[in-house]
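Please find one structure pasted underneath; my questions will follow.
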């Protein structure tokens, strides 16, 4: 951490900062510039992190040097990328994974039809929501336990591993009975007690980026899971809030290569929620694959017009095979191995 | 809801939309403009809300007409404003309330000193955090149950009602034993299962606006609480995420008068978290009072330099009385009654 | 335009709005919902656009129906896409175009070396800035007229058409002597008098999206040029301002397919300025091509380490041929024809 | 400037950075931390500013230490605040100034009526736009030269100094004949050639913050004017672009105290454009005064319902005196002297 003193800082003020740095167990290293004196606080990450010097007399501002996460960083794994194996399907490093299925589990027929379609097309994982975070308390909140049972049935029938969302730590035991991968929604990205529970549960996690979370925020949320010993975290870019109103969210694809420079964890993209419209899902999926994403999580419905929730953004089941073929072609150009090839 | 058809929409496409509108139990009302046909879907809010027509052939876009919340709306209370009475202290309508205390409960001495200072200065409610949502898993996470006991002691000693934050529904029973008002942090604003529990608990709530929550999102989150029968919700603006990096968050004071046009609920402002710096707390508190806020929630610490968490943004206890006098003077100019005057 | 009345609006207030609508020469069409009365104002776009009813008694809010631009819209050209031919190089519709060259013209050697490199690699157009908009008045502002002469020489030597930026209408005549395409920078996107001049000049334009311009703002800026009779406008996404600080700007690739749904004009992407870092240029270029962009404008320098301006974001000349091969492979997958193939 | 090296940086890479620092004439100062080596580049601001090391091998990131502006900084004036005297009316330091008048000059009657109203109420400066930057080329673009003549007449009649906007450097001579203060609109904030001309013209400037300009961007834009010898720049916060759609722009009042910490220049607020609605102008004006603004620029119209442009946001002339009394009362509480008191 570098503490930049004001031009007008006195020698006493510099001295007081140095004492405070040493008080937390770090070393102070003074560098005098033309205008500003800069004090480096050198030492253990945790000690230095507890230095709160923003308000100190004579301090202009404080600049962190070390990134705030450790276990999530690429350096921690000595530049080696995490590859997860989920029921024989791989993601991360060279492997590209497609996760597909309906937004919400609505009925037995809908779930099984969707599952069959995504399996036939060649997706690796099956998704379906039983607990749905909805902006409105008047909207359908998911089938809950009943939905989990239908998901289990689809898992049985297709042999595909399944992904479903947890909203409340009190539902976790139930979900662990069915889910191969547990999704944390964007609005729960900083539900820290839930993240800690998931760290302890040990099951692979898809962690969606919050609507206004920086990449550092996302990596710190992952760190909550990793810290408990669960190393299986997949990060997911799904669109951020910006001033643009022409689409629901702004898909931030630059996050993909930048996250991969900072972390060993796999990074996937959810084009369905960002766009909110079916016709944008294909171009944004191709763009995500081209940007180097390790996978895609996408919504597919046998009859989107009859979907209870988010129909307009779900791909039609009959178009999904063609969609997938195109996405995989771009992923290959971007240097990925496909599941079918290993 | 108005469905705007594309210029190129065919008569069949218009007809299909009309059928879909009638299918959900609403009436369709067609209006043909020079370029666009617009179909009004008229009927019960809930039916119309379930119309998902964004993807329909020939549909250009869909415009909601009715606001998505009902119980939170000013119309629902026929333009009458909610006034809450918390242990004899009032907020809402003409009443201005100050909530003050340390960010985090750190020790018995710190909590009791802060409590005495804010009481002496004339604040109405006492705040203090026992469970702290922290971006980093390596940061101090609060004293938990021990903190609640210290808060109970401060409540006893000062006779002030207390506000504290809940992060996890599983801590709720414990918190209900101590807290007069329960705070929901910005990062939990859309923790929908927690909101529902708080609706059932019936205790007054301070609901902080999420970092990228629109005013409609905030009012829908309040609606989750109101729907369960808990009418005591205080909304809190605490800064939003924007491109500006000169401060931690951008305090959105226009939210105050605009929320008050839409809802009967009291609206307060947290200047401490938005600014992250003590020297901005006074000007932003004055501005909040001038904008018509129903109150302020502000952090005060006996020794900010020794604070474990967010020291730089906490007011010094010895400066608090002077601060409060200035804020109350502006609140009075903005038409508010102060606690001391009733 | 739809005028949504408040629930509490009186019959007189509705009547007053109707009179105002008719006053500007439009027809009023009343639709009464359960809660709200909605008044459609139907008539000529320009008349209706001048209706300013936001402040009217009883009016809740006003919803525009018709998009504000006309000449830029896809409907105006009956869904046919504009293809520009610039010295025999095509862009728009099926054609993908690469524009490359140094950020700033620095010297004869640098300009000619860069030009040779981008020509050899197969780029279609050559770029180079003589007038540079710089945030700081202390930064290098470009070689001006001298830079234009070097650009003319590079044009002569390579036979490539050239793109250069105009910052001030008073420099336009000079620039018109050299430039085949004139670039308008993001910070001048709403310099309306400059846009009007460029409309009159008739030369093809690359119009960069402003840092906080919505797609509608961008299309309205293009409309200023089109309105003067200049139909040769290329729109350019180059990153927007968001809360994310991990990169200079957030490249908004969803703008590409959405713009193409609304306008017949070609849409290109500038990955260099958005990223500000060389290592992100390739993945974001691939993503842009995958998203359906009609071209790329990218910075290439023979010795980026010695660049006076924006060195870190410029591709190395010797790596450019390999870069271009990869981008073109993705563009082809996305359905584009390459210059080499026609 | 501090250059933070990667953990994995080699001794050679550190050495290469040091050489580059020395190459631009600065001194390098090395500080080795637990994880990172940090190199301070110490020397003349301009030399250091030209160091472009972001792309260098082994460099993690670069942190500027010195602010990029000099003449605009509070330190440059040794903490003394600039007070401008405009025809005997003062702004800056202890003085609060109100600038009022119609958005656009529409007719002789409208201009003279508005002028009389704002004079009678006690405003210090008169505003009125002759050249109007409009998002749409189809909107009214102002009366131009004819408008300037009407403004001159209003100036003559009331004896008030006048403020009007320049959009194009080619109109400057004409405007200089009438205007006491020249306004630069938000969309021209980074029209660098225009800023340079205004620096040379020497007339006081109101410089509006761009829709997505950081405070540093705004101060650098002011620096363009100051650098030419014109020290009379008034900065104006007028709302920024954020994700919130409930209002036209988000008024960023924290900019007021923060700008005043960094610069000696006066800072005013335009509540009319931010809100876009009359009913928000009073609360946001009070908030601006409470936040410590040096003045307000506000729109007043004798008949807003008949305004050609931005009618809904203009205050009614007959309400203006009451509005001004309230704003001035808050400004006084915030420590300002009013014109009437000196």
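When the chains are written out, they are named A, B, C and D in that same order, and each has its own residue count from 1.
One rule holds in what follows: a residue touches a chain if its C-beta (ideal position, glycine included) is under 8 Å from a C-beta of that chain, and two chains touch if they have at least 3 such contacts.
All values reported here derive from a predicted model rather than from experimental measurement.
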Most remote chain, CA-based centroid, reference being subunit A: D
Subunit B onto subunit D, rotation angle from CA fit, given as a multiple of 5 degrees: 180
Separation of subunit A from subunit C, taking each centre as the mean of its C-alpha atoms, in whole Å: 31
Chain centre separation (subunit A, subunit D; CA means) in Å: 39
Whole-Å separation of chain centres (CA-atom averages), subunit C against subunit D: 26
Overlap residues in subunit A, where contacts from two or more other chains coincide: 45, 212, 240-243, 245
Subunit C contact footprint on subunit B (complex, rising order): 2, 4, 7-8, 29, 31-36, 38, 40, 42-45, 63, 65-66, 75, 79, 212, 241-243, 245
Residues of subunit D that touch subunit C when the two form their complex: 45-46, 49-50, 52-56, 68-69, 133-139, 141, 167-170, 187-188, 190-194, 196, 210-212, 217, 220, 223-224, 227, 240-241, 276-279, 304-305, 307-313
List of subunit A residues in touch with subunit C within their complex: 212, 214-216, 240, 242-247, 250-258, 261, 274-275, 279-280, 283-284, 286-292, 326, 329-330, 333-334
